[in-house]
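Have a look at these structures, which come just after this line.
In the two complexes below, chain A is the common chain; its partner is chain B in one and chain C in the other.
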Partner chain A sequence: MWNYILKRILMAIPTLLIISFMIFSLLYLTPGDPVLLMLGSGDTQSVSQEQYEAVQKELGLDKPFLERYVDFLLGACRGDLGTSYITGENVFQTVMMRMPATLILTVSAVLVGILIAVPLGILAAVKHNSIWDSLATFLATIGVSLPKFWFGLVLIIYFSLRLKLFPSQGIAYIDRDGIGAFFSHLCLPAVSLGLGLAATQTRMIRSSMLEVLNQDYIRFAQSKGFKDKAVIARHAFKNAMIPVVTVLGSEIGALLGGAVVTETIFSWPGVGRLAMNSISRRDYPMIQGNTLILCAIFLLINLIVDIIYAWLNPKIRLN
Partner chain B sequence: MKKRLFAVILAMSCLMTACAPKEEAPKATQPQTTAAEISQKETTAEGSAAQPAQTAGEKVLTIGTPYTLDTFLPWQFTSDGDRYVISNIYECLFEYDANTCIPGLAESYTNPDDCTWDVKIRDNAYWQTGNDLFGDEKVPVTAADVKFVMDWTMDPANGSKQQTNLSSLITSVEVLDEHTLRFHTEEPKALFLFTLSRVMIFPKKAIDEGFDLNAQPVGSGAFKFVSYQTDDQVVLEKNGDYYVTPELDQVIFKIIPDKSVAAIALQNGEIDITPQVLSTDIDAIASNDQLELVPNTLGWYRYAGFNCKDELFTDPEIRRALAMAVDMDAAVAATFRNNSGTKLAIRAYGPIPLELPGADEAAWKAESPSYDPDGAKAILESKGWKPGSDGIYEKDGKKFQFILKTPNNDNNRVKLGTIISTQLKQIGIDCVAQPTEWATLLTDIKAGDTQMFVMGGGSSLNGMEMLFHTTLSQSNSHRVFYDNEECDALIEKAAVTIDQEERGKLLLEASNMTIKDSVHMFGYFEYVQIGMNKKVTDFAKAPTLWYSLCNGYRNVGISE
Partner chain C sequence: MKKENGMQTDDFSMVPAKSYWSDVGRRFMKNKIALLGAMILGIIMFLCAAAPLFTQYDPVKDMVLMDMLLPPGSPGHILGTDDYGRDIFSRLLYGGRTSVLTGVSVAVVSAVIGVTLGCVSGYFGGWIDNLIMRFTDIMMSFPFLIIAIAIMAALGSSQKNIVIALAIVSWPRFARLTRGQVLSIRTQEYVEAANTAGFGDARIMFNHILPNCMGPIIVQLTLAVGSAILSAASLNFLGLGVDASLPDWGVMLNQGRNYLQTASWLTTIPGIAISLTVLAVNWIGDGLRDAFDPRLRV
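What follows is the complex of A and B.
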């Protein structure tokens, strides 16, 4: 197994190289001038041509594409992802500083998603073609279709503005605000993010369970007189989890970097908001570093998913 | 299975606990040359908890700001969001609210001659105490400190964002006595005080000792820095040594990027002020008994600019014809309609906000083309344009078609663009409104890669320079390639005319030229509404977060 893990880590290097080149090229081709944005030359501020050129040189934006890319690559190999154009902060530190908030939100959203999806998916599969199945499928379709920004705002309007149950925005820290405030601030963003995941997972679990429930070994177990609950829990559910875990792995990866809308709406100080802010201001080092770190995490999650496969189904050999 | 489930839950709990941010000691002795230390996110001032517990009876004002904080360095900031916060920690010599000059660190000034300014600073100004830089020692702010900041800012090696502005303003600074400075300028400078209102005064000792002002800002303002938590909130507390005792014990800036959510937070009582209420939230706030809307001090100018170098728009008559084809009164009314009757914008007939010198609505109206679609068609036809088979004007086989770019981050400007394009289509001009991402739009405008664009700005005392001057507008987002030496000369003359009345006349004359040449399709002055809890006192007097909440002019408080 260790050989397998080492092999996967080595395979990640060319993947990250290709990704870094793609990010760099796309940013190079994207219109928008980081110098203008850095100098605040928007609606209200004026800059001289000399000041513009000085900043352009300082940021290295006057260098040719390949030279800039090689500089970035060499820096990344040394563990230096550069400094932000806008704030002058170290990129790695900045991303890592926001990662805990994103991890908290992601883990909570996954918990919400699993707690809803597992019972609903199993119910839909076991009560196939019943009203329960239709209801679960209907809810899952709704959940997948709802735009996150809209759903987030609806949650805020009803549960915060009207019912006054939760705060509308922001994060709370246990040491600063107490555990009650921590969970009350977490609740709406986690539900907003988790319901989309629950919808996808419900559909996955349902179809996977349906397939497994029709297998011979399930019928064999039933014919031996095992109770339905025992058959589902001990034999069907674990085997049905393989495709579910695959999708869950991808979803967690996507949530880590893609909770942009949720983090923005709920004023959650995470990596997604940082990415959004960096993109709108063409903070190239921050976008590159952020994306590269998230890609590395994504690859790591995929590796973990592969290892979980083997645990779920020993027939799958990692080597 | 149960054991595994328990193990998973335990692991997640550990992860969440581990992820919770920890307090970090302030980085008091780090080099100050970069902004990197702001990344020590739970930065706190000495002796303070991350957020001090609010005790009963304390007056705390919570402001929801939509901007992420980039820096606490007083010479590095460019965004409004940074200014909102650090203007409470640092002082400028003077502050400006629209056209009103408000004393800051300076208490008075005199002009021995047009190129000399003697500025007297308060003798009761002190650097803030309770930090790693000054400890508990009460150190006065002196003229030598101010001179140091001016010289330091003008040195390009220090990378101050105000370097260009200040270097083009003053030639040298002298210390006359402990509290008086003499500034020399090469020529008379009409915007001398205004330019100084952008330079914040910081302690020389911080630079000498390599103290990191980004991690622990120390100024002479009414509020002291307490803590900053990444993208979450900044906490300030009152400076007891300030010459005016602040009404507020604490000010909290909460970062809420979504303005709709900020409006909800205001209605919920989670914040007391939100600086920009969206038009979609106006009615909800106006109808709430606990809240009120306060318009910004001056109307922000918004316009549709022609690229005067584009072959379609080189002729001022053609530009005028297009302006005549658009019913701007109706467009502005449609864009800003609301049930509460709140004044969100007024029609602009010229480019200078009505609160600033040079604005004269009546004079502009006399020069402005009126809405006259038939007259517009007549002008186009007199210039050789003929309606084609599809109703679109053509000339030499080329259709009159172009793209009108609008910034996609401002719904009002997008709406204006859509209305303009619709009305131009009605007279036979194929105009397509294209919402464009902000950064892309700025680059396109600077590069001249636009035909027509909706933009806003120039709503300050140097607005005419930014909007129309041939060379001064080159590097900004208002580049219309208007090349009029006479107009340039008037703007330049206004810049060296200290007499405000005379200066106003020059700017009016220049603005009339731009109207006559139809450089812009003049849109509207937008009065951005600040949503505020009625408990907040003394804020409406000068409704802006651009300068300190407490100074000699106002002292914002909150009633029980």
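What follows is the complex of A and C.
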């Protein structure tokens, strides 16, 4: 088991290196002079040569490309991702300050997804070929096909603007605004982000349950006279969850990406909205740091899911 | 159960021998949902392609500010008008061209890259396989939309760049799928025969092996069109895509955002168009999957 964990961690390192190199060179290739951006000026005429060179040196932009990348990488290892061109804030600290809001949203979306998918998927598999099965499959296909951000907008139109049940914008904090406000602000964004996960997981759980329910040990348990509920809960569900957990890691990663759009719609003060703001302000260190941290968190989640998976499935653990 | 299997074999022996592709076609035609999907998609594509036949308004130029934000059902504007007084029905039809074209281009470009790499990887094996597959694994462990957004931020906004950004993040699925298929076919006798006959590697790969693993690739291609339409809509919605004055379903949604309270149809109509198109594509994809491999049907 420890060998497996160590191997997975070692495999994550080259991935992170390649991601960091890609992000760094992408923004290096981007048109636009960062020195002028930093000086808040549109052209080279209005700044003096000395001023220009001083800023260029301060940002380390006078060094060759590879040296700059190595500097960036060494800085990143120490938690230093540079400072924003626009606001002068420390990139790492700014992103980390926004992170809790994004994580709250993502975790709630995962919970919403699982709470919908597990009962629906099991119902569809157990009542295979019934009206329930068709209904669950139909709903899941619709859920996969809807643009999630559009679903979020529709939720705002109906539940927030027409029925006035939930606020459409912003976040509330438990200590400042109370627990009721916290959940009412969280509700619509979490549902809109969790819908995609609910749909793909319903399909996964259904097909995985169907496969397990046809296995001999399930028939054996049934023939021994166990109640259907006990067989499903104790024998089938546990085994059916193995392939479901495998894809959960990358699904949660997709949620992090979706969070960028959801946060923009609901003015949720998370990392995604920070990324969009930085893009519109062409604040490259912020975009760079933001993307890198999101990728690192994505890899970390995948790592954790893989380890849980190995722990659940002895076949992997022992190899 | 056994008896049932026996019945099935008997049934199949009654069917006159047909080619693989006509078998696939026959199974697809029996699938009602897939046919419904094909019909919906056919209608949508016809409406968009022949847009000038159905609407006399230009989607960009015909601005009548006096007629702005007319609700659906207004005389002359069946789906109403937007904030510049442009006809929404016309923008919807012309916008469908952009959205569907982007979706198809992304799917085709990523399929060409992925299938070629997967084919080479599976056919040659060894260090080439190792190298390509490690790279594929790394590309697959990227958070899809975040990387696409970063690429768009760097390349700048345009329809061509959307296709590039989305193709860069979507080819690995094709590579992995194709490699698996090629691995299972590479050891077949007809491939060995072609090898013995002295055919070149490229000819064996693309003329002998690839045609025999087209089924799953076509299914993946179909589903990729749907997800590319959705991702392109997200990028356009965020304002990272095509020029905001061009008609595009994602751009239309972005416009509608400012009028959720007063003119919600600006948001609901293009969203329904995207959902319906992607739903139809997914139904076709699921139907093709069942048609290519009836064993997968559970």
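Just so it is clear, the second predicted complex is superposed on the first by the 270 of 319 C-alpha atoms of A that agree within 3 Å, B and C clash if a C-alpha of one lies under 4 Å from a C-alpha of the other, contacts with A are read in each partner's own complex, and residues count from 1 in each chain.
Convention: contacts are C-beta pairs under 8 Å (C-beta built on N, C-alpha and C of every residue); 3 or more make two chains touch, one makes a residue touch a chain.
What you are looking at is a predicted structure, and each value in this text was computed from that prediction instead of being measured.
Touch criterion met: A:G88 reaches chain B, while chain C stays clear of it. Using the contact criterion defined above for the overlaid structures, shared-chain residue A:G121 touches neither chain B nor chain C, since it reaches no partner.
In the superposition on chain A, A:L161 makes contact with both chain B and chain C. When the shared chain is aligned, no partner comes close enough to touch A:P189: not chain B, not chain C. Legend: residue contacts after superposition of the two complexes on their common chain; A:V107 is shown touching chain B, with no touch to chain C. Touch counts on chain A: comparing chain C and chain B, the chain ahead is B. In the superposition on chain A, A:G143 makes contact with neither chain B nor chain C.
Contact with neither chain B nor chain C is seen for A:G289 once the two complexes are overlaid on the shared chain.
Of the two partner chains placed around the shared chain by superposition, chain C is the only one that A:T15 touches, whereas chain B remains out of contact. Overlap of the chain B and chain C contact sets on chain A: residues 30-31, 153, 156-157, 161, 264-265, 280. Residues of chain A touching chain B in their complex: 30-33, 36-52, 54, 58, 83-84, 86-90, 93-94, 97-101, 103-104, 107, 111, 153, 156-157, 160-161, 164, 167-171, 173-176, 233, 264-267, 269, 273-274, 277, 280-282. Against chain A, in their complex, chain B makes its touches with residues 1, 12, 15-23, 34-36, 38-39, 41, 50-51, 68, 70-71, 76, 78-79, 156, 159, 161, 163-164, 168, 229-233, 254-258, 260-262, 264-265, 267-268, 270, 300, 437-440, 442-444, 446, 455-460, 462, 465-466, 472-477. Chain C meets chain A in the complex at residues 137-138, 140-151, 153-156, 226, 230, 233-234, 237-240, 253, 256-257, 260-261, 264, 267-268, 271, 274-275, 278-279, 281-283, 286, 298.
Taken together, the chain A residues at the contact with chain C in this complex read 14-15, 18-19, 22-23, 26-27, 29-31, 141-142, 144-147, 149-150, 153-154, 156-157, 161, 207, 210-211, 250, 253-254, 256-258, 260-261, 264-265, 275-276, 279-280, 287, 291, 294-295, 298-299, 302.
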